[in-house]
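Chain nomenclature is as follows: A, B and C, assigned in order of appearance, with residue numbering initiated at 1 for each chain independently.
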Amino acid sequence: MENLKAVSIKKLSATFDGNGKHLQVLNNVNFSIKNGSFTSIIGPSGCGKSTLFRLISGLPTKDSCKIDGKIRIYGKKPLTACSDKDIGLILQTPTLLEWRNVAQNMKLPLEIMGYSSDNSNKKVKNLLKLLELEEFEKYRPSELSGGMQQKVSIGRALAYNPELLLMDEPFCALDEINRRRMNNEIINIWEKTKKTILFITHSIEEAVYLSQKVIILTNKPSTIHKIINIDLPYPRSEEQDSSKYFKYIKEVRGCLDEASH
Amino acid sequence: MLISKRPTGLFFLVNMKKQIKNILITITIIVIMLILWELLITHFHIPKRIAPKPSDLIDFIQKEFFTSHSTKYQTILTKSLYSLKDALIGFTLALIIGSGLGILLSQNKTIYSLLFPFLFLTQLIPIPALAPVLAAILGYGYSTKILLIVLFTIFPIIITMRNTILNIPENYKQLLHTYTQKPIILFKYLILPSLVPPLLSIMKIICSASIVATIITELPLSVKGGIGKDIYNSFNNQIIARVWVSVILISLISLIFFKLLSYLEKYINTKYKYGKFKSC
Amino acid sequence: MKQVIKKNKSLLLSTLSILSFLFLWELALSTWDVSRTVLIKPSVIIRTCIEDFDIISKEMIYTITEIIPGWIIGNLLGFLIALCIYRLFKLSKVLTSVSVLINSVPLIALAAIMGGIMGTNKDEKILLISLIIFFPMFITTLHQLITIDDGHKDLLNSYSATPNEILLKILLPKSLPAIVNIIKVSIITAIFTAITSEFFGGYGGIGIFILSKKGLFNLPLVWASIFFIAIFGTIFYFSVEFLQKKLIPWQEN
């Protein structure tokens, strides 16, 4: 089980073919992600990050999308991994249900997956404690800020204890200060829960701040331009001013510039 | 390496074929239903005063349109078009006045609260109740009829227009404020374009309401020429075939009106692409 | 006290507006003494309301017993049938467009047809009201059930939720504001249909009452009937709006 990669992508290509359009989005993407690691994917706008995200998370893509290659999550196909509750999704927008309060929103996947009521309540209580949201338990989404709402959506993703967390630019709508705060939170959660996190972002700083590995994609048709290992200790808030940190940022930026051309 | 082809003319032709196929299927279904209807009524000997047979209706249509009448006689088609004309006048007036009021009332909450009960009452008091009252003031003439149609249709227009303006996201207003301080610019570049989609959709709803209002106002008011009065009279005289054909006729006219407005909406939406606002 | 005023500012302004209008109306007619037969003073109307309370309320109740069942049946059927069609058949899109077309037609003209088929008794009126109210409810419910937010769709897919679960947990709660709004608006349609259809005959009701009293000398009775209709409609409408606020506390505006 230790040797089993959390995510294993081999020779992945994706093409949208239909309605007179022929668009190759992904071309021969190969990478793997170790269990328990924190990896970021970064790339120029429109390079197919969302398509890659959807393919890994087992979400349905358009009918015209033709896929080649292998995606395996803990050795299973994405759809199987989904039904086995291995994947937790956190999207760009919190997507909370306005008619439920924070606790009820976190309970949503548990209700659908058939957990008992007592079990669900216990899990939600623990999550509220983990995320320090205890005093907001009965609040409605409309009464919370964007950052808080995203926290709730992270809690919801953790509710059924998936091994892999897939996050698609979750903090892109937040301001600088809240973004940094949420970054520290997610590192906190990662260290406490020891999950595998795959984090898609378009912020170089965020990628370097958060992850152990940064995967840089090229323009369409995307392939891996480079994988950079970030060898810095956590918590990275202490490393922010070090020259090593800036060297990594420079390296990622340079790669991104090359990848965009 | 990006290969992207534009949709060719053949693509649009496929869509046309589908539409024609749909129309043919609809016509076949209607014809089958008419035949069934005729057979059912003949078989069960349902008396004429309850429901006519399609053959009765065809008889009536033949007598009405294909035989000559005295010069003073107005066919139900003429009467329907007369009612349609009145409906259109009421419809247009309601749109203009309603939009104007909607825009004005969006500016001041107090005035809206003061005026709201009266606007609400225009919807609440049905035309047959309101008609005698208005007729007592304005007489049983043309202006009362148009006024009633306008009163019936104006409330949804005001509410929709007002709500649209109030729901324009703040960031758009702030953006325009950085360019100019004149409210007229805000009006021209932001408010008017944002009113077009709801206007088009409310037009579709109001078009049938205006025809309904026209028909109903023709009942109590002794105005000459409308189809409402004709339906009422033939109903009371139990000329059932005439009632049915008139109802079908005015429904068809209403449907055509509605369809034309739908095409207008589609045309304007594709040409000018007034989409919805995406708030930050 | 100040807080109560602030909270209900718009309601108070509206009530104030109507009351001052009635007051000014009364004042204007008292001072200027316009030909009394055309414009009636509110005091006269109110007096008529009280004096002839029995007659008017009897007719009003008759109409109400047409309005309320029709309103309930029309909305209930519209909702349930839309739900069934959504779950059982794949015809949702086609049926929505067909219903929109049917709804665009002056359905009230059917009163003439149905009057012939069923006679002009109470059942026919209730059926007509139900029919006219059915379509907007059907269209709205079906449309709400068909549209689902992309984000919600993705999340529910990742939980491997069954269509029934998606219906119960997402679609129905999401549709609730629109559905309750249509229920509220259909009150006005129901009142309007009931009274108008009485024009084509009937065994009672406030519409027929007004029709018989619309001669100039009975204008106070017509006005009194209008007052009754307005009061009933306002109470009914705002009760549903009050329930709406209680049931849907998360809806802003």
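The rule is short, and it goes like this: a residue touches a chain if its C-beta (ideal position, glycine included) is under 8 Å from a C-beta of that chain, and two chains touch if they have at least 3 such contacts.
From a predicted model like this one, the values you see are computed outputs, not experimental measurements.
**Q** With one step meaning two chains touch, work out the least steps from chain B to chain C.
**A** 1
**Q** Could you work out which chain's C-alpha centre is the most distant one from the centre of chain B?
**A** Of all chains, A has its centre farthest from that of chain B.
**Q** Which chain pair racks up the highest number of C-beta contacts?
**A** B-C
**Q** Taking the mean of the C-alpha atoms as each chain's centre, how many Å separate chain B from chain C?
**A** Distance between chain centres, rounded to whole Å: 19 Å.
**Q** What is the distance in Å between the mean C-alpha positions of chain A and chain C?
**A** 49
**Q** Please compute the C-alpha centroid of chain A, do the same for chain B, then give the distance between them in whole Å.
**A** Chain centroid spacing, chain A to chain B, equals 50 Å.
**Q** If a residue has to touch 2 or more other chains to count, which residues of chain C qualify?
**A** none
**Q** Which part of chain B faces chain C closely enough to touch in the complex?
**A** Going through chain B, the ones touching chain C are 49-51, 109-110, 112-118, 120-121, 123-130, 132-133, 136-137, 163, 166-167, 204, 207-208, 211-212, 215-216, 219-220, 231-232, 235, 238, 240, 243-244, 246-247, 250-251, 254-255, 258-259.
**Q** Quick check on the complex: what are the chain C residues that touch chain B?
**A** Interface residues on chain C, with respect to chain B: 9-11, 13-18, 21, 37-39, 101, 103-110, 112-113, 115-117, 188, 191-192, 195-196, 198-200, 206-207, 210-211, 214, 216, 219, 222-223, 225-226, 229-230, 233-234, 237, 253.
**Q** In the complex formed with chain C, which residues of chain A make contact?
**A** For chain A paired with chain C, touching residues are 57-60, 82-83, 87-89, 91, 93, 95, 97-99, 108-109, 111-113, 140, 142.
**Q** Report the residues of chain C in contact with chain A in the complex, numbered from low to high.
**A** 149, 151-152, 154-161, 165, 169-170, 173-174, 176, 248, 250, 252
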